[in-house]
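The same chain A turns up in both complexes below, where it pairs with chain B and then with chain C.
This part shows the complex of A and B:
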């Protein structure tokens, strides 16, 4: 537990410290803080594997009044993923020449984002989630504004929607508190009954969370906000920030909600997930802009998460938990790679449109390779992290013949994601009419973009311990 | 639950819905920020009303309202600054 707390507190302190630091050395401070946070996160994961879930009541207050932190295998894994992605993104921002202008403000905000995410993963309290969601939202919106004047409108829309979603969430939380008199997840789980008030409260909370996670059909703000943000910010938002509400949604419906409510809701969630896969994939195949394509791919891929969550609730199958969280981790890594590569390409050509990618195999081979490798995991090609997750998801569908429509849905979604990934890669292989000018200075940034894509393929090699970790949890 | 408490609960709900309607119908950023604040007041009214249900007031809900107010004030300040900046950009 202490290691997890260190992983949360270090980014917060570093965020304060970096404001007082000399500008030339800020990047080193941030990188060191990220490394410390990652090491602490890994120690937390090891301690969970050794001694099981641990919990802590903040300030030593007793049960109904306490704000509880809990460390479980799932959130330990998420804390490690968060720290890994932050470290890569921070190194990318330090090495990319296109990020010079945003750095001063980027460092403290990125660190605040990191700290609030870890706090959210650790919390097991409805109101503390509200606070951490607000922290996360404010940090995320401030990061979007760093892209300059053009992004202000998108940032404002993002902020207003995020605040609206928070208030919807808060009203639901208050109704639950009014009914049961507690905010703690474990206590609520023992108390909830399937009555009208509980149902309304859960639906309000879910609507707020789905808006924040940009789950279809409440996804309309995401492509604008994520594609107009600076490159490292887009990567953080798409890889991590949208996963936070999904985590709360999962705990709420699988733990707190009584099964009479969770089973029918699961069907609708799975259906919405299917909608996200279709519409998000289709939009990604149609958009003319590179970063918007990647953002729509996030909408589509979140559909897998929602589908896994919905079917988990609908069939009451705990095995699907592993599918859900491996999806989240695999997508986080792959999407980081994709956004960093796409952003680096876009910044060096100066154009947003897809056809500016022509001849990229010659000028920026590493970035294009990173995009293709990450795309392979999004499609679910073996042996990548995306493949394992999809395999786990599809298994219960294949066992039961009556579940064939879901399997068909996943297959169509796979084809759609293959279509939009190849749309980008094939452009890169086309002959360019403009003479190719090799860009030497972007090399290290390109390799950093490739790193998470390699990690996601390595996940396949370590699938055995990962699955065991998930089993420990569902047991 | 007494009649007056029910009245307060209902007005909290109506405020929330009014704010929702305002947010949906308006496109001007300042109006939308005000609508959000009306929604927020609705939630806080529900919270303080629920705190009064028993003879001794519930301190937890009061603490939550105070926290919520802090969040609402800072978020509103940030939203107003953003609205002004994007308005200046348009000109």
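This part shows the complex of A and C:
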């Protein structure tokens, strides 16, 4: 538990340090902080594996009053993922040539984002989540604005929708508090009944969360915001920030909601997930711009998460938790890779359009390879993390002939994702009219973009311990 | 000590092409010698290892390696008689094709990329052959798709990119179907190792719908690579790839991967008993027979040499599927031996087509007039391949057709004989005119006056030696395997060994 707290506090502390001290080389301080946070996160994960879930009441107060932090296998895994991705992204931001112009404000904001994410993963009550969601939202919006004028519009939309979502969320929370007098998840879980108020409150909270997570059909703000942000920011937003509301949604419906409400809701969530997969995938196949394509792919891939969550609730099948969280982790890694690679390519050609990728296998082989490898995991090709998650998801679909239509949905989604990934890759193999040669500078940034893609394929080799981790949890 | 080798050998066979492949990616274009050294080191070490394993398996040893992967489905590489039939074929042909490709691509761009992916393809093919269960098979099957794509689009022209997209559309869709089939079977029965006679018979009563759906999904999915009828469309398009790619991958490795998958599915997953209970092979037989006839007719309509060969592949690979679907032991021998024989003959034909194109820029059949005067050796190899395809003894193709025909009689499916007769006639109709043109027709321009043609100093110099020798080597193999089919070391003898083990009670 202490290690997890360290992993949360170090980024906050470093952010303050950067703001007050204003050192010349901020990037080094941030990288060191990220490394410390990662090490602490790993220790937290090990301690969960050793001694099971742990909780901590801040300030020593007892349950209804206390702010409770809890460390479980799932959020330990998420803390590690967060730290890994943050470390890679800040290293990328420090080493990429094209990020030199990034404003100094990036570093403290990125740290703030990191700290609030870890705080959110650890929290176990509805109000704490509200606070961390707000922090996260503000940090995210500020990070988007760093791209300058052209991103202001998208950032403003993001801000307004995020505030609106927070208010909706808060309204639901107030209703629950009025009904049951507590905000702690564990306590609520024992109290809730399937009445009108509870249902309305849960639906309001869910609507707010779905808007924040850009879950279809509330996704319209995401492509603009994620594609216009600076490259490292796009990666953080797509890989991590949109997953936070999904985490709350999961705990809310699987713990707090009574099963009379969760079972029908699960069906609708799964259906929305299917919609996200179709519409997101289709849009990614149509858009002419590279980063927008990657952003739409996030919309689509979040659909897998929602589908897994929905079916988990609908069939009351805890096995699907493993599928859900492996999707989240695999997508986080793959999407980081994809955004960093896409951003690096876009920055070096100076063009947003897909057809500027001609001849990229020659000029930027590593970046294109990173994109392709990450894409392989998004498609769900074996042996990658995305494949493992998809495999776990389709097993319960296939065992009952009545569930086969869901599998059809997954088939179509897979084909769509293959279509948009190879749209990009095949452009790279096209002969370019200008005889460009490989640029030597920016090599390290390209390799950093490849790193998470390799990690996501390595996940397949470590699927057994990962699944055991999930089993510990669901048992 | 022996047990160690028995676990390591299957992995070593895969790695012997994977490691050189990965190293080649990191080489600069100019590191010509190092690249060739790595390639050849990979080729020969693989041949050595495969030879070792062949010896072991013929002595009855077991080779198996596994690591944990999915719940209830490990990654398993194992060497049994059936996998070695395919592994040995691909390793020997990899040797020929590597030398051919070095000669073919001399001086062109992107060679590191080409040879890197080429080695990855061979690794994926070999891995798929050695796979010990369906999940492992699936992993390598998908990797093969990914690794071949860069080779299809290698030239980077618009036509190549278009063909690449068609190729992917087919193979990725096929891959998804196979994935669904494998996952469905896993949901029903788990994923045990491949076992002669299959492991699904206890489920027939309870899960008839599931088993039927899984079979249809997987046959359709594997049928994409095996170029079965409704899903064969990628193969002729993929002919824009460089000649070595068409020769090894599209005539041998990729299509055989599909056919090999069907063999595994029928013999080692479902088992003959289960399939006859489910009555699923009738449809497969009809599909394969239709593909044989359809491919031959389409081949007849083509005017480009490579396209005609491609449709001929569509037709010939379905002989394997047909032989398997008949479910009889003699037909099985025919199918398994055809896996090798068709590979030897077809690769020879594609090498020849590549030689014509490279040396004299000849792509169309009408330009072949009088080629025998200018390139007698290549033309001779072409003749051997073509006559073999028609089924003229003593070339290898005769042996496989003989067994397939006997198998059809044995299983009482005499209508299949008519398919063979019909297809044989069509084969003759689309190959003999080429031979006639090559040997007997008068060239349009005198070869001495041909823009590309300096009259070679001797017969052996009709084209670059690295293009000529592999062609002659595979042509020779096609004859030798035919003549020596009765000996103990022929593909036929090995096929008989497989069938003896598969059909053992």
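Here, the second predicted complex is superposed on the first by the 468 of 475 C-alpha atoms of A that agree within 3 Å, B and C clash if a C-alpha of one lies under 4 Å from a C-alpha of the other, contacts with A are read in each partner's own complex, and residues count from 1 in each chain.
What we mean here is this: a contact is a pair of C-beta atoms (placed from the backbone, for glycine too) under 8 Å apart; a residue touches a chain by one contact, two chains touch by 3 or more.
Because the structure is a prediction, the values reported are computed rather than measured.
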Touched partner set for A:163, first chain B, second chain C, both or neither: first
Which superposed partner A:171 touches (first chain B, second chain C, both, neither): first
Which superposed partner A:26 touches (first chain B, second chain C, both, neither): neither
Contacts of A:321 with chain B and chain C, given as first, second, both or neither: neither
Partner with the higher number of touched chain A residues, chain C or chain B: C
Which superposed partner A:145 touches (first chain B, second chain C, both, neither): first
First (chain B), second (chain C), both or neither touched by A:153: first
Touched partner set for A:75, first chain B, second chain C, both or neither: neither
Partner chain in contact with A:227 - chain B first, chain C second, else both or neither: neither
Chain B versus chain C as contact partner of A:131, first or second or both or neither: first
Residues of chain A contacting chain B in one complex and chain C in the other: none
Complex interface listing, chain A residues touching chain B: 65, 127, 130-131, 134, 138, 141-142, 145, 149, 152-153, 155-156, 159-160, 163-164, 166-167, 170-171, 174, 177-178, 183
Touching residues (chain side chain C, partner chain A) in the complex: 67-71, 75, 110, 113, 135, 138-139, 142-143, 146, 149-150, 153-158, 160-161, 164-165, 168-169, 172-173, 175-177, 179-180, 183-184, 186-188, 209-210, 213
Contact footprint of chain C on chain A as seen in their complex: 359, 361-362, 365, 376, 379-383, 388, 391, 394-396, 398-399, 401, 404, 407, 411, 414-415, 418-419, 422, 425-426, 429-431, 460-461, 463-464, 467
Complex interface listing, chain B residues touching chain A: 16, 19, 23, 29, 32-33, 36, 39-40, 42-43, 46-47, 50, 53, 60-61, 64, 67-68, 71, 74-75, 78-79, 82-83, 85-86, 89
